[in-house]
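Each of the next two complexes has chain A plus one other chain: chain B in the first, chain C in the second.
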Partner chain A sequence: MSDAASTGRQARRNGSDLVLLLRQNAGLVTAVGLFCIVYFLYHLKHPKGFSTQVLVQNSNEIFSLAMLAMAQTVPVLMAGLDLSVGAVMTMVDCIASHTLQGSAWQIALGMVACLAAGTLAGFLNGCVVVYGRIQPIIATLATGAIYIGIALFLRPTPGGKLNEDLNWASTNSLEDFASTLGIFEDGKANWFQPIAWFPTSFVLLLLVALVVWVPFRRSVTGRTIYAVGSAEGAAYMSGLNISRAKLTAFTLAGFFAGVGGLFLAIQTSSGNADIPQAGSYTLNSIASVVIGGTSLLGGTGGAIGSIFGTCILRVISFNFRIFDIAPLLQPLFEGIVLLAAVSLGALGVLRVKNTLELFR
Partner chain B sequence: MNRNLPDPFLTMRDVSKRYGGVRALEGVDFSCAKGQVHAVLGENGAGKSTLIKIIAGVVQPDSGAMALAGRPITFSGPAAANEAGIVCIFQELSLMPDLSVADNISIARPPRRFGLIDAKAQRRRAEELLAQIGCEDVNPLMRARDLPLSRRQMVEIAKAIGKRPQLLILDEATSALTSADVEKVYAMLARLKTAGVAILYISHRMHEIEALADVASVFRNGRHIETFARGERSNDEIVQLMIGREISAHFPPKPAPRALPPLLQIENLSWENRLDRISLTVGKGEIVGLGGLDGQGQKEFLLALFGVLRQVSGSVRVDGRPVPLSSPAAAKDPTVGIALVPEDRKTEGLMLPMSIADNLVIASLGNLSAGPFVDRVKEKAAIEAAVRRLKIKIGSASDEVSTLSGGNQQKVVIAKWLMTAPRVILLNDPTRGIDVGTKQELYRLLRELADQGAAIVFYSTDYDELIGSCDRVVILYDGRIVRELAGNAINEKNIIAASLNIAQTQAKGGAHV
Partner chain C sequence: MSTPALKTSIIPLSLFQLPRDDRPIAIAALFIVAILVAGTSYTLWKFGSAPLLSPNYLMQQLQVGSFLGVVAAGMMVVILLGHIDLSVPWTLAAAAMMATAVGGAWAIPAGLGVGLLVGIINGIGVAYLRVPSMIFTLGVNAVMRGLMVWHTGGFAPQTAATDLMRFLAAERSYGIPHAIFVWAAVSVVVIVILQRTALGRYVYAIGNKEAAAYLAGVATRRVILTAFVLCSLTTSVAGVLLAGYSTKAYQGMGDAYLLPAIAAVVIGGTNILGGRGRYLGTLVGVILIVLLNSVLSIMEMPEAGRQIIYGLVIISMLLVYGRGERVMS
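Right after this comes the complex of A and B.
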């Protein structure tokens, strides 16, 4: 009897905790909801809607920007911006166009070199910010130019030839991935069928999010990043290691941007030091972060939301292809979505009772 | 446990600290023992905050030595002090607003599983600690931001006891609490005391100190004056110990008391839980001082009058006309004519990278312009007049204002507001950090302005100033006016007693008995 009562109480408590969590993550919930709606409409209208082919194509187009959005999230959580994520991606793209060739071992080594280069670039950003005591936005503007310079040095003109199997395996469904590698009976194993239609790039995205981001968020350093973004003074007074958190934030951003660059190279099978592309990826990464519910003031949000932010941005452009709207209107729509997302985040200003606090 | 002769746990020998030219602590010897609540008393600027900041590792002393349980120690930061078992609950909350209560409580050393933070264990820990101080109603998953101030303060306390302190410092930690919570905190302190924790307790509430403290130390002018056990000194004697500032300035003569037509009329001004039905009338030509210990609502009172705070209730009238209380722009409008010399001249008073001239005219550009353009001739004349009137020592008016000394910077702020020809002048601790000579000029200026018909409300943390320059002084305590002093009643003893709200506590006690 009392057991039943306490179970009931527990259930009620769990229920109210869930409501609390949803309310605290309103930005993320809104982004997921919005994405589901626009993506469902897209498939309904698409002649080949709900097919593996469309999913694969969408997922490939989302991957690199989603990585950059995750990269951007980490410094933004500390109320900083990383303007070099696009440049790091481009640099790694150019490195990959040189290293992803030859035997399987050489390719594996080449991939490690690419990720190491991205991580190192992020680490250097962190050093400039922490030890040089320079504002992130200007520090990364400068280092970003350096990374673009390296990319241009490595690839003065677009080119390079990547391993074709690698391209095929990474940018199609899991079944193609398995058959290229010759595993799981070339992807025909019975148990494999329920997931064989998954786009490989989508699975990779999931993997990076689950293996890197989720544990990081639950680490002490990860939480310190949130604490610094929320109230740096209070974090210091609580005896947290702030320098280490900042250094880690930029390093992790470099790693994510490196993954993005690696995939971009595999996807295009070549390297290209494309400066406008680097810039637009950087700006879109900031937009994704904001749409995904992370506050530019720091402290709230997360990389999962940013992935959905990217999805929304990309699906808007997908919809332009299938709905009969003038494609020139695309930036206008993206701008409206961005503005709406930022406005939702700014509602808290209305609750401030001491207007002097608004200017601090 | 030997209660009569406890060994000192923390000892400080000959500790001194200066901030710029101001000495905050001078040759302080201090010690506190385990299993005791040790109260630290003193008026504003007596050195209490500096003392606990040094103990908690927030600032480093210039000279002197500290020892913990006989072993010499120095702290590089608050983390090192925590490591040594010294935990401080500061007045300014140290919670991260966007993190959950559970995150905040275990921020420095969370329970871990496989190297990662164990969210469940962390939540259990938060629940246990909150239960210890009777705060079961706080859900550990709530964000600190979403809790009311009194609950945040309790979370702060839970966070501190979660660090298992050997020396716990409470700096006005009960100021934001409800009386039910205060009882719970008392009970917790009693438990910690029996467990052998040393407790340093800073409070401005005499009745709390009477109820809690085993030992009390009085500080004055950065020196440790006396330490005595509970009951050895009466309230009167304690006030006497706290009095004794060195007189450092001369004041212009006050006019004889006279009937003045009311200019600023405030009725039942309330805001949040910081201002409680304040009514005050200031006459034309009168200087009214705001007294009381720091943080009793004086700053909020001035901000409310200047239209900075939202959702203020009550009415304010200048010369019979209601003041909208909507924004500083509305307050300075010539039909109202309120000016505020703000608390922090570097962020709220001046635009440091701009020139002296730009800073001087920035509030009165409306009077100096013809159409959309500033009249350069008028502007130049106005700047020269202001510099002359306040005797501001400048090289060229086009120099950056940051090149001036503190006293001259403050003169620029005041001159800026005088250029708007205000009828009501509010000043928020205007003499902080400026030299004696400039202070005296300022007192003369205030009297001159009053004589010309302005109503002046003047908040100061320096009692001498209130005594020397004000026609009347009102003392704020907990957001309300507890005492109004005029004429000869404006003296240090009355101000300190009223600031500690002693008279009222005794009256209350008498009523109950």
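Right after this comes the complex of A and C.
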């Protein structure tokens, strides 16, 4: 067997690997492609298109929902559902409006407290689901009411005040972030220039995705979550620790929702226990997950896809602003786009040869 | 398998010897009594009166509760299938808005027509396109909201409910609000469908295992479509009633009915995964939620405390009887 032949086979195998990879991630690829097209059109049409200002604004509007979509992805991967993500976000938002003041150390401590509160809420969800053996959808419906109650207790009326520097640093470009912190020669350092125009919130989103989600997905617990979503019985018989996977999934969801709530508080500079907002964030997080290519039946998909799902949802509403669609028609178009997006995924039904395959 | 025997030996209550589907109903009914006792002792201690036990007050609470009861009746049929209908809020509001907008003799048919249409769309999406009901009905809800915002211009519509709607929802005969009669009528229809017709049997069968029902010759897709139509129809009945009760339709009037309806169905012992549950349980669940709400408002509990108690009650009820099986194979 010559070297040339084996390299050729290797190349062919790499090629088919790529095809396989694309096919396995068809939902993600579709979501990314759709997002690129829609977002490119948006910038072409926008009077200030391709500018940092627009990027920063968009990125800020995407961040919290993207976090909730990531949060929602983890339980959905195990064929569960977390209806409390919006409530956890709202609760952390209200906690942040009390804690993010004072000196740098106090603020840092306050942030840790916020994230801990979100994580704890997620952990409690996990406990109710795992040890209480209550269906996730109804368990999180109930715990969500409790978290909203806590949020209302902390902030009966909207208000609170957050550190202004923090708001400025987190919701603008990296250059403003650096100059607020006084690092990298106030963001004017030469090496810093190529990335100085990045929106800070976008970088934060990337960081959370790469530092938390990607390693988690590769861990045993992460793989167990996928296994539980595909076939819980088989996962159990394979000796995987199902209880730990479920607990971790809900805890991680709580953490992501906490990050979302923290940013929402920083972005709006106040806390607001807004029940309708919590509900609409929860429902939009489910929509983002589905558009991002994760199956509600569990086992396939991932949080990266959900981020793009959120981007698509949001960019569609961005487009309404610049394409002169009457504001009164916007909710209708949003609804139709959502309905069309989820129905498109159903076209596979037409290809099913054996009707029994419909009843998974 | 030894758990029931164990429980009867520790707790010598006949409660645990009841059939599996009746136990939740008995426990929820006991909880209702507990709420009434706690609420009454609170009012006796605080005001020296017992409004919770006066028939007039109870009738008034049940009148308000009948809207939730009608929604929960339809929701239960969909949950029995193992599906869920999240389009309730704006189906309810759309039915109310259309009914008041059309007015006259055609007001109620127009409202019910909205329900019929939404139900058919939901059914096609879930049964024929096989989109998960959770996400499809969510999309339909968004579309209905968009249509209504477009229709009303985002303001509360200026149209008023007709006299017939007022008669059905807000007036009384012999001290009994008419809304309770409507609730009773809807309940009888749902009970007959679930227990006395093939359709009802099919609903339970599909909730247990759709593939098995299909292989047994059930036209499962048509049954799912019918169930979603039924759910949207009852929702639109609730919308018409609520518009009659408050003399007008308004934005977001259905928002407060989705989650309590699901909670009422589940507290009543219906399995959220479908296939199991009795209508009597849903009835008890609705009454429980309505009474809990009224006791909390008598206690002048702030919204924060209400939400927390609401969540804790659902969780503790389910911990008593709603626990799933551990997956072992």
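We adopt the following convention: the second predicted complex is superposed on the first by the 326 of 360 C-alpha atoms of A that agree within 3 Å, B and C clash if a C-alpha of one lies under 4 Å from a C-alpha of the other, contacts with A are read in each partner's own complex, and residues count from 1 in each chain.
Operating definition for what follows: a residue touches a chain if its C-beta (ideal position, glycine included) is under 8 Å from a C-beta of that chain, and two chains touch if they have at least 3 such contacts.
Keep in mind that this is a model prediction, so the values were computed, not measured.
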> When the two structures are overlaid on chain A, which partner does A:Gln193 contact: first (chain B), second (chain C), both, or neither?
Replying inline: neither
>> If we overlay the two complexes on their shared chain A, which of chain B and chain C does A:Gln106 touch? Say first, second, both or neither.
In response: neither
> Does chain B (first) or chain C (second) touch A:Thr355, or do both, or does neither?
Replying inline: both
> Between chain B and chain C, which makes contact with more of the residues in chain A?
Replying inline: C
> Thinking of the overlay built on chain A, is A:Leu296 touched by chain B (first), by chain C (second), by both, or by neither?
Replying inline: second
>> Under the stated touch criterion, which partner chain does A:Arg133 make contact with: chain B (first), chain C (second), both, or neither?
In response: second
>> Quick check for you: in the superposed arrangement, does A:Leu20 touch first (chain B), second (chain C), both or neither?
In response: first
>> Contacts for A:Ser219 in the overlay, against chain B (first) and chain C (second): which applies, first, second, both or neither?
In response: first
> After superposition on the shared chain, which partner residues are touched by A:Ser51: those of chain B (first), chain C (second), both, or neither?
Replying inline: neither
>> From the superposed pair, tell me which chain A residues show up as contacts to chain B and also as contacts to chain C.
In response: 233, 236-237, 355-356
> Any idea which chain A residues touch chain C in the complex?
Replying inline: 81, 128, 132-135, 137-139, 141-146, 148-153, 156, 232-233, 236-237, 242, 276, 279, 283, 286-287, 290, 296-297, 328-336, 338-339, 342-343, 345-346, 349, 355-356, 358-359
> Which residues, counting only chain C, touch chain A once they are in their complex?
Replying inline: 84, 86, 125, 128-132, 134-136, 138-147, 149-150, 153-154, 209-211, 214-215, 220, 252, 255, 259, 262-263, 266, 272-273, 302-312, 314-315, 318-319, 322-329
> Where on chain B does chain A make contact in their complex?
Replying inline: 58, 77-79, 82-83, 90, 93-99, 103, 107-108, 110, 112, 115-117, 119, 139, 141-143, 271-272, 300, 303, 308-311, 327, 347-348
> In their complex, what parts of chain A are in touch with chain B?
Replying inline: 16-17, 20-21, 24, 215, 218-220, 223, 226-227, 229-231, 233-240, 298-300, 352-356, 360
